[in-house]
Each structure stands twice: as C-alpha cells, then as structure tokens.
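Pasting the structures here.
There are two complexes below, and they share subunit A, which is joined by subunit B in the first and by subunit C in the second.
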Partner chain A sequence: MRGVNPALLVLIGCVAALPLFGGAYALRLGTIACMYAVLALSWNVVGGFAGYPSFATAAFFGFGAYATGVLLNKGLPLMPSILATLVASFLLAGLFGAVLLRLRGHYFAIASLSLVEVLRELVNNATNLTGGGMGLNIPLASGSGILADATFFFYAMWGLLLAAALMVIVVSMSKLGFGLACIRQNETASNMVGLNSTLYKSIAFGLSACFVSAAGGLYAAWVHYIDPSDVFDILYSVKPIVMALMGGLGSPLGVVCGAFLYLGLEEVVWRNYIQIHSGVLGALIVMLLLFLPRGLISIRSSMFWQKAKHV
Partner chain B sequence: MSEILRLDAVSRHFSGLRALRAVTLGINRGEVLGLIGPNGAGKTTLVNTICGVTPASSGRVTFMGQDITGIKTYQAARRGLSRTFQIVQPFAEFTALDNVAAAALFSQPGESLKSAREEARAHLAFVGLDAQAGQSAATLTLAMRKRLELAKALAMKPKLLFLDEVNAGLNSAEVERATKLIHQLAANGITIVMIEHLMKVVLNVCTRIAVLHNGQLIADGPPRDVIKNPAVVDAYLGQQYAQRNAAGA
Partner chain C sequence: MWVAQVLINALVLGCLYACIAIGFSLVWGVLNVINLIHGSFIVLGAYLAWGLYQSLSISPWYVLVIAAPLFFILGYLLQRLLLNRVITAPVLVTLTLTFGLDLILNNAMIYFFKADYRKLTLSPPMGSISLFDVVVPVDRLIATASALALTGVLYLVLRRLRVGRAIVAVRLDRDAAILMGVDVKSIYAIAFGLGAALAGCAGVLMALIFPISPLTSSTYLGKAFVVCVLGGLGSVSGALAGGLLLALVEGVGSTFFGPSHATTLSFALLIVFLVVRPQGLLGRKGFE
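On to the complex of A and B.
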C-alpha cells in the first residue's frame, strides 16, 4: 500500500487548484465534492477500518450544522464555532460509541440509524434554541460578494478535507489503525490479546464523527439556512457508504475517488435525466458494484501489477 | 509451591444450564495441569470464566494474590493470563507475523509496532513458523494455525497459559511436535493448564490432572492416581481404558 497515501495528498492538492479554472458553479461543485469526500473518509474510519457499518453520519452532520449555527447566532466567529463543534462532536460520538458499539453487524447499523432520528427529534423540539421545524437562519459570514464567499467556503471545506485525510493517514499508520484492523477481522481474538476494543471503537467512532460535524458546520454557514429535514437527511448517511463501496472499502484514496465519482455521476445524471435521475443513478451504482465489487481502487492496483511485469 | 491461581466455589450458569458448579481449585506455579472430562463438562467454560469471557455467576477467582473475578478479557490478557482457542481465531487477513505482533503490541503497555514485529519473529521461530512469517494466516494449514495460536499466546508473555485442545485435529507427527513445544514451555517456567482429550499427551506432559464432569470437579491429583479413580473411569475414561491401562501397568 506504499505510495497510496502520497497519491491521496496529491489528489487533494490538485483539487485546490479548482478556483483557477472555474466560476461560481465549479466552486459550488468543488465545495460539495470536498464535503462528500470528508463524509466518505470519515465513514471509512469506523466502517472501513473497524468494520462497523455506521448509519450515523447524518446524525453528526446535522449535529454539526446546528451546533455551529447556534454558536454563530450567539455571535461567535466561524472558526472557533467550527472548532468547538468538532470537539463536542468527538466527545458526543465517543460517548454514544461506548454504548452503541456493543452491538455488532446489522444490530449496530440499525442502532446507529436511530441516532439520526433521535437527534432530529431533539432539534425539532428544542424550538427556543434551534427554531425547531421553522429552521435556523445563520448570519452571513463575510458579505464580501458572492464569488469571494464561494471561494472562501471552497477553501474552508478543502482545508477540512485535507485535515480529515491527514487524520485518516495518521490513524492507518498508527497502533490505533492496527488495532481497528484486528477488531474488523476478529473482535474476540482482539480482546484476548489485550486490546481494549471498546476504547478503540469509541475513539474510531469519535474520529469518524468530528470531521463530519465540522463539515456540517461549514455547510450551515455556507447555505445560511438549515432545517432539521435538510441536515438530518438520511441520504447523508447512505451516500458516504455508497462512495466508500464505489471507491474501495478501507482505502482512503479509494473512498475519496469514490466521493468524486459519485458526485460526478449525481451531477451528470441530474442534469440529463431530471425526471428519472434517482432511478438512473441507482442503476449506475448497482452496475458499478456488480462489475467492480472492490471499487475503483482495484482498477488502480491491477494496472500497477501489469506495469511491474514489464519492468 | 505457591499458588498462582485460586478458584473459590466458582459457578457459572447459562440461564437454566449450570455449566460450572462451585469449582474450587488451586493451580501452583510452574506446574502443568491437565484439565480433562467429557464433552460439555465445562472445561472451556472454566477457562472462559477465568479469562473474563464469561464472568463467574458466583465465587471468586484470585490470580497472583489479586481478586480478578469479573475482570475484562483484555485486562486478563495484560495481567499475563493468555490462552489458545480450541477453534483457532487468527486475524485472517494479517500475515502470520502481524498476528503475533498484534498479541505483543496490545498485551504490553507502551510497546511499539516495530518492536512488536521484531519480538513476533522470535516467537514464530520458536514454534517453527519462521518460513511462513509473510504468509497470510488464512492460507496456513490447521497444524500451522494451531502453532500460530501458540506463538500469539507466547507473545503476550504469559504467566499462566491455557491451552485449549491444541492437539485436536492434528496427526500423530504434528501432535508429537506440539507436545515437544509444551515441554519446552514448561521448562521455561510457564505455568500451563491444558485441556486435552489425548490421554497419551496428558500423561506425557502433565504433572497433575483435574477432572470435570457436569460442571463439577470430580478428581484432582497426580496423573497415575487420577486415571485409576473409579469416578473418573466411569465418567470419562471408560472401563476399556482402565483395563488396558491395568494390563499395561
């Protein structure tokens, strides 16, 4: 797997050049691409590394959007709000994780799904703080023009993607990553060799949540208005899983490629088949998973093999 | 000889099933205790209870003078209670080396991945798997996987080692090799508790035998005495074995 992590950083570096080539539309697309990649990379920590299929991404996305939104409304600047959101989300997810991660497989998936519903209902009912079903208006961050704003949020989301990628790379090379790989393969044996699997899983869950929440926070500041059905949309849970599967489960480079590919497909299909876009997108995903079950990353490594033969 | 582990009236119920009934047993430092009994007697449950996989319903487990009843599995592992599984439990995608490195890494606080891998190499060599170090665990034969289990258990620097049927499913040459390894471990001063059905191995290796039947300890003592014990013959060994044994003696 040597060379994969540098390739990931190069890919992310290339994305940074986007504003040189495109206008507001490209920036919007680029911002969403970075956001999707953050979501997919984060999901990969708990879903890919530890093998726990989490559906809680939407819960932490929504939590982050509302936490940042409320803090911004209280007059805190953007960066401290995002940082506070990130830390709070890590702690909250670690706590949830310690409870939920006792369940395995499908049971964990369903429990994590319920987290989305619980948080959505809480936000819906805390009208004084969050505006409930009426949604939450978020003050404009800069007001220095549309394009400048778009560029700012693109780079903010890009920075978050870079941070998430660095986190994932560090985890994958560390004792934590090694331990998560043990847990994925055989949790009983992991415990038996002295690995505190509850702790490791909780940290993984926390790490998978905090960047998602930060992305949610940036999203909220970017779109200026959020409501529960928007940011707690279950699609935020499902999309990262599809991206990770499309790109190659467990591989950071793969899931980022998967995120970009997914967004590309989504955009192209939506433009051309507006009436039946969900159906076409679904069919495309099914085809991809049927013919490339190990994801995009498997194409890459097979090309590598052929090169090696000729050398 | 001082006791390294003490069980006081340890019981374990699985709802209606009483898998262990007030087992009281002391294990001395440096001995090789054979734990025998018919299938379902509670041998593996006893090991699981000590290692924290299925905590005792009642009673007390003391390890090196400290109460460890209800301890978590990973805590037991870090204290030096290590085991092999009857049904081997490798990390299938990992290489043999990383399997053993994982054991060294997580059982010793402050260990780094690099030094864990170095240690792992030595343990693989000890069990004769150095040639397979780079092979994924899923591709090893059963005999090799059993030895891999042993290497993993050793990488945890055990004070007390439980061997759960390390010889089950092996041919006689492989059994001989495994027996030799157990002898070496005992010579290195590791206290061993082995669950074993092959009486030849038990008599060859063990310094003492404890017999479980229906969750109760029915005999405990030197091997030659225990195999003549009528209750043990009735419950486990069978008349044929006793007669053959008497004729041979």
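On to the complex of A and C.
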C-alpha cells in the first residue's frame, strides 16, 4: 500500500489543471468526475473499509441537496450553507448509523435502501419547505458568466474531492481505519478484544455521509433546480458501488480511478446510445462482476504474461 | 361501516401483497440472494397478460397457466448461467449483480413497450359485489382468490414434493443437504425458477388491478422487501402475515393521514421491524 496514497494526491493534483486545457464542456465533465470520485471515496469508508454494503449514498446526497437548497433560498451564502449541511449530515448519519449498523449483511443493505425511500417520501410530502414533487428552484450563486461559473463550481467540487481524499487517507492510517479493518474481518472478535464497534461504525457512517451531502449541496447550487426523484435517485447509491468494484474495493486510488473510468464509459454510452444507456450500464455491471470481481487494481502484468507453471 | 370496508380492502390487498412477496422470500431464504429483478419480473408478467388479452383475447386466468412455465424456464436459466457463478460471493456482489440484470431487463421493457401507463380492461366488466355498505369489485376478488391459490400451491410443493423437501433442506442446512446427496446447484436453479414463476403469475394478477408500466417495478420490489421483513423470511405463512399487516397499515395509514403518507409509514415500519424484530412476525430465530 505504500506509495499509493501519494499517487492518489498526485492524480487529484493533475485533475486541477483541467481548466487550462478545456472549455465549458470539459469543465462540466470534470465537475461530475470530481463529484463521482467524492461519492465513491465516501462509500469506500463504510463499504470498503468496514465491509458494510451500504445503499444509503442517495439518501445523503438528496439530503445534502435539499438542505443546501433550502438554506440558499433562505438567503444564506453558499459556503456557510455547505458547511452547515456537512455538519448536519454527519450528525444525522451518526445517529442513523448507531441504529442501523446493528444489522448485518442483507438486512443492513435493505435498511439502508429504505432510508432513501423514507427521506424521499418525507421531502415529497413536506411541500411547504421543499416544494414537494414540483421541485425546488435555487437562486443563482454568482451569475458572473457561464465560464466563470463553470470554473468556480469545478474548483469547489475539486476542493471537496481533495478534502474527501485527505479524510480517507487520515482514516486509513489512523486507529479508526485499523478498527474498521478489524470489524470487516471479524466483528465478533473485535468486540471481544474491547473495540467499541458501534462507535467506530457510526463514525465511519457519518464520515461517509458528510462529504456526500456536501457534494449534493454543491450539485444543487450548480444545477439550480432539484426535485426528489432526481437527487434521491437510487442510481446515486449504486454508481459508487460499481465504481469501487471497478477500481478495486478498499483501495482509495483504485476507487478514484474507477470513478473516472466509469464516468468516461457513461459519457460515451450517453452520447451514442441514449435510449439504452441504463441497459448498457447493467450489462457492464454484470460483466464486471463475472469476469473482474476484484477490480482493475487487481490486474497484474502477470495476467497477460502467464508462464506455464506445471509442465 | 368504514372499519369493515378498510378491513376488507386490507384483506384483498394483503393476499396480493403476499403473492408479490412470496417468490422473493423463497429466493432470499434459500439462496441468500436479494433478488432485485423480482419487480421487473412482475411487470413482465403483467405485460404478458396485457399483450395476450389485447392480441388474442386470452383471458388472464388462462395466462397464469402459460406464464408459470415460461417464467420458470427464464429464472432457471438465469440462475444456471449467471447467478450460480457468484452465489458464494459476499452480499455486495450478488446484490449488485441482480441490480445490473434488473437494469438490463427494465431498460429492454422501456425500449420495447415504452414507459406509457397501460391498463388491462376486461370487456364486459365484471362489476362489483356490495354487501351492506361494503363494496368489492369482482375481478379484484377473483385475483385475490388466485393469489391465495398460488400461495397454497407453493406451500404444497414445499411440503409434499421431493424437490420441495430438498429446497427446504438446503435452506435449513446447506452443508448437511450436500452430504445427503442433494444437488445444491440444481436446487438453487429450481428455487430461483419457482421464484420467477411466482413473480410472473403475480404480475398477471396485478395487470387486472393496477396500471402497467416498467416504472412501477421498483414499487413492487419495495412492497416485497417490506412484506418479507414484516412477516419473516422464507416461510409461506410469514409472507401471508406480512402481506396482511402491510395492507392493514397502509389502509389505516391512508385513512388517517392521507394516501401520500402510506409509503412513508410502511418504510418507517420496515426500519422499526429491522431494528426491533429482524426475524419478522413468524420467523424463527437461529437461521437467517
């Protein structure tokens, strides 16, 4: 693993140079790439480190989008709104985590899936605050021209990615990361040696939620209009998992590479086969799981240059 | 009198919910796989009923007989060719694989049938029965009876047939079943095929009552989740109990709080059950 974390930071640093080369389209792609990488890195904390199959990403993405949207509509500036969203979702997820993370395996997966449904329905029904099914309009943040706007949101999302990557690196090197690895390998045994696994898992869940929510908030401010079926889309829960599987579970560098690769594939499919794009995504998932279950990071040169071992 | 009406509605709807969930519960219990294609199978069954009624005017009651073997073969092949390869992998892998398959099937349905809502209307309509102040449409009543019959058939298959006993044996203890000479891979495929057949038949019944569209598959899947968790996993009686409870909660909830809160209420109930009583109403503790 040594040398992987610096490589991750170098990769993220390279992405920052994008505005020097591309126009508005490249900036839009770059912003989405950073957003996907944030989602995948965050999911990796609870799904990769702790080994809990969480489908709650969409819940916190939508929560963040709506929290920021409502705060912006109340007249708060962008940065304080995002910060407030981040803190609120950390607390909320920690609370949910303390309850839901007692479940394991399928039961946890279903509970986290239904968290998305519950939050979506709550937002749908709280028409006074959120506009319900009609969606929520969000005031323009800067309004200083298309390219300047695009550059601003690109760097905002990039900054978030950097923060998320630093968080993941710190977690993976700290006692928390070690504890999560213990929980993944054998939770009962780690409880026995005195690890407070509920606390650890709750913190991990909170950390994995807060950057997702901030990304949701930035997304809301960026696109100016959100509605429940858009930001609480279950695909936001599944895409990070596919990216992580694509890149290699548990490895931050692999996960970020997986996110970028996934976005590239998605964009190609969208541009050429819009009518069947979700079917192609499904086929991609199936192929990936059947043929490359450990992700791209597991590809070694030896797989291509196999020598005959037993003659 | 509204209490009687709410109860009757819950009874009718509850049996249909049980029918939606029972195949899902079988697959989850036996294979330990959360089958996310289940909702799309139901919608496909509904399209089959609709298409055969529109083109050849075959009554949906006969379509049940056609749908069951077709869906069994589809499910059997899917399990044999794809799912059996990853069946021992962690939860995440099997769950994501069925999600990918669901995306493919759902996209194919949107592509071929379009996302428009359609309705199967029987001509002539069958009318409704009213006893005192309680009104029940006849087609709904027959659909409920068919759902109960399907549930009964599955119960008998699991109880009486050799293959049914093998399925139960694999569910209780996979390793012991292998030692007794059960071919686990083929039992998995048969169980998945049975689950698919039940989903297809449930879809045929749903076509009579609810509008048909590929977009409704996630609603059916959500109902199956809730019913399984409420009732307890992998048992026929559990699915019935869960279906009735869900229908009752939805009925009472929408009477008091309005229909828009019924879904929230059912999912909130799901989370409460998961935390407080994960084995469900009729589930036994000990084996997941």
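Here, the second predicted complex is superposed on the first by the 297 of 311 C-alpha atoms of A that agree within 3 Å, B and C clash if a C-alpha of one lies under 4 Å from a C-alpha of the other, contacts with A are read in each partner's own complex, and residues count from 1 in each chain.
Methods note: a residue touches a chain if its C-beta (ideal position, glycine included) is under 8 Å from a C-beta of that chain, and two chains touch if they have at least 3 such contacts.
Note that the structure is predicted; figures quoted are calculated from it, not measured.
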Original post:
With both structures lined up on subunit A, is it a clash or a fit for subunit B and subunit C?
Top reply: fit
Original post:
Is A:241 contacted by the first partner subunit B, the second partner subunit C, both or neither?
Top reply: second
Original post:
Does subunit A have more residues touched by subunit B or by subunit C?
Top reply: C
**OP:** Mind working out whether A:261 is in touch with subunit B, subunit C, both or neither, as first, second, both or neither?
**Re:** neither
**OP:** Based on the superposed arrangement, let me know which partner A:290 touches: subunit B (first), subunit C (second), both, or neither?
**Re:** second
Original post:
If you stack the two complexes on chain A, which partner ends up touching A:179: first (subunit B), second (subunit C), both, or neither?
Top reply: first
**OP:** Check the residue A:106 against both partner chains and state whether it touches subunit B (first), subunit C (second), both, or neither.
**Re:** second
**OP:** Consider the C-alpha centres of subunit B and subunit C from the C-alpha centre of subunit A, and write down the angle between them to the nearest 10 degrees.
**Re:** 80
Original post:
Of the two partner chains, subunit B (first) and subunit C (second), which one does A:129 touch, if any: first, second, both, or neither?
Top reply: neither
Original post:
Is A:195 touching the first partner subunit B, the second partner subunit C, both, or neither of them?
Top reply: first
**OP:** For A:76, decide between first (touching subunit B), second (touching subunit C), both and neither.
**Re:** neither
Original post:
If you take every C-alpha pair with one atom in subunit B and one in subunit C, what is the shortest distance in Å after superposing?
Top reply: 10
Original post:
Where on subunit A do the contacts from subunit B and from subunit C line up?
Top reply: none
Original post:
In their shared complex, at which residues does subunit B touch subunit A?
Top reply: 51, 53, 72-74, 77-78, 82-83, 85, 89-94, 98, 102-103, 105-108, 112-113, 152, 155-156
Original post:
Residues of subunit A touching subunit B in their complex?
Top reply: 175, 178-179, 181-182, 185-186, 188-197
Original post:
Mind pulling up the subunit C residues that touch subunit A in the complex?
Top reply: 28, 32, 34, 82, 85-86, 89-93, 95-97, 99-108, 111, 218, 222, 225-226, 229, 260-261, 263-264, 267-268, 270-271, 274-275, 278, 288
Original post:
Along subunit A, where are the residues that touch subunit C in the complex?
Top reply: 47, 51, 53, 99-100, 102-103, 105-107, 109-111, 113-115, 117-118, 121-122, 124-125, 234, 238, 241-242, 245, 275-279, 281-286, 289-290, 293
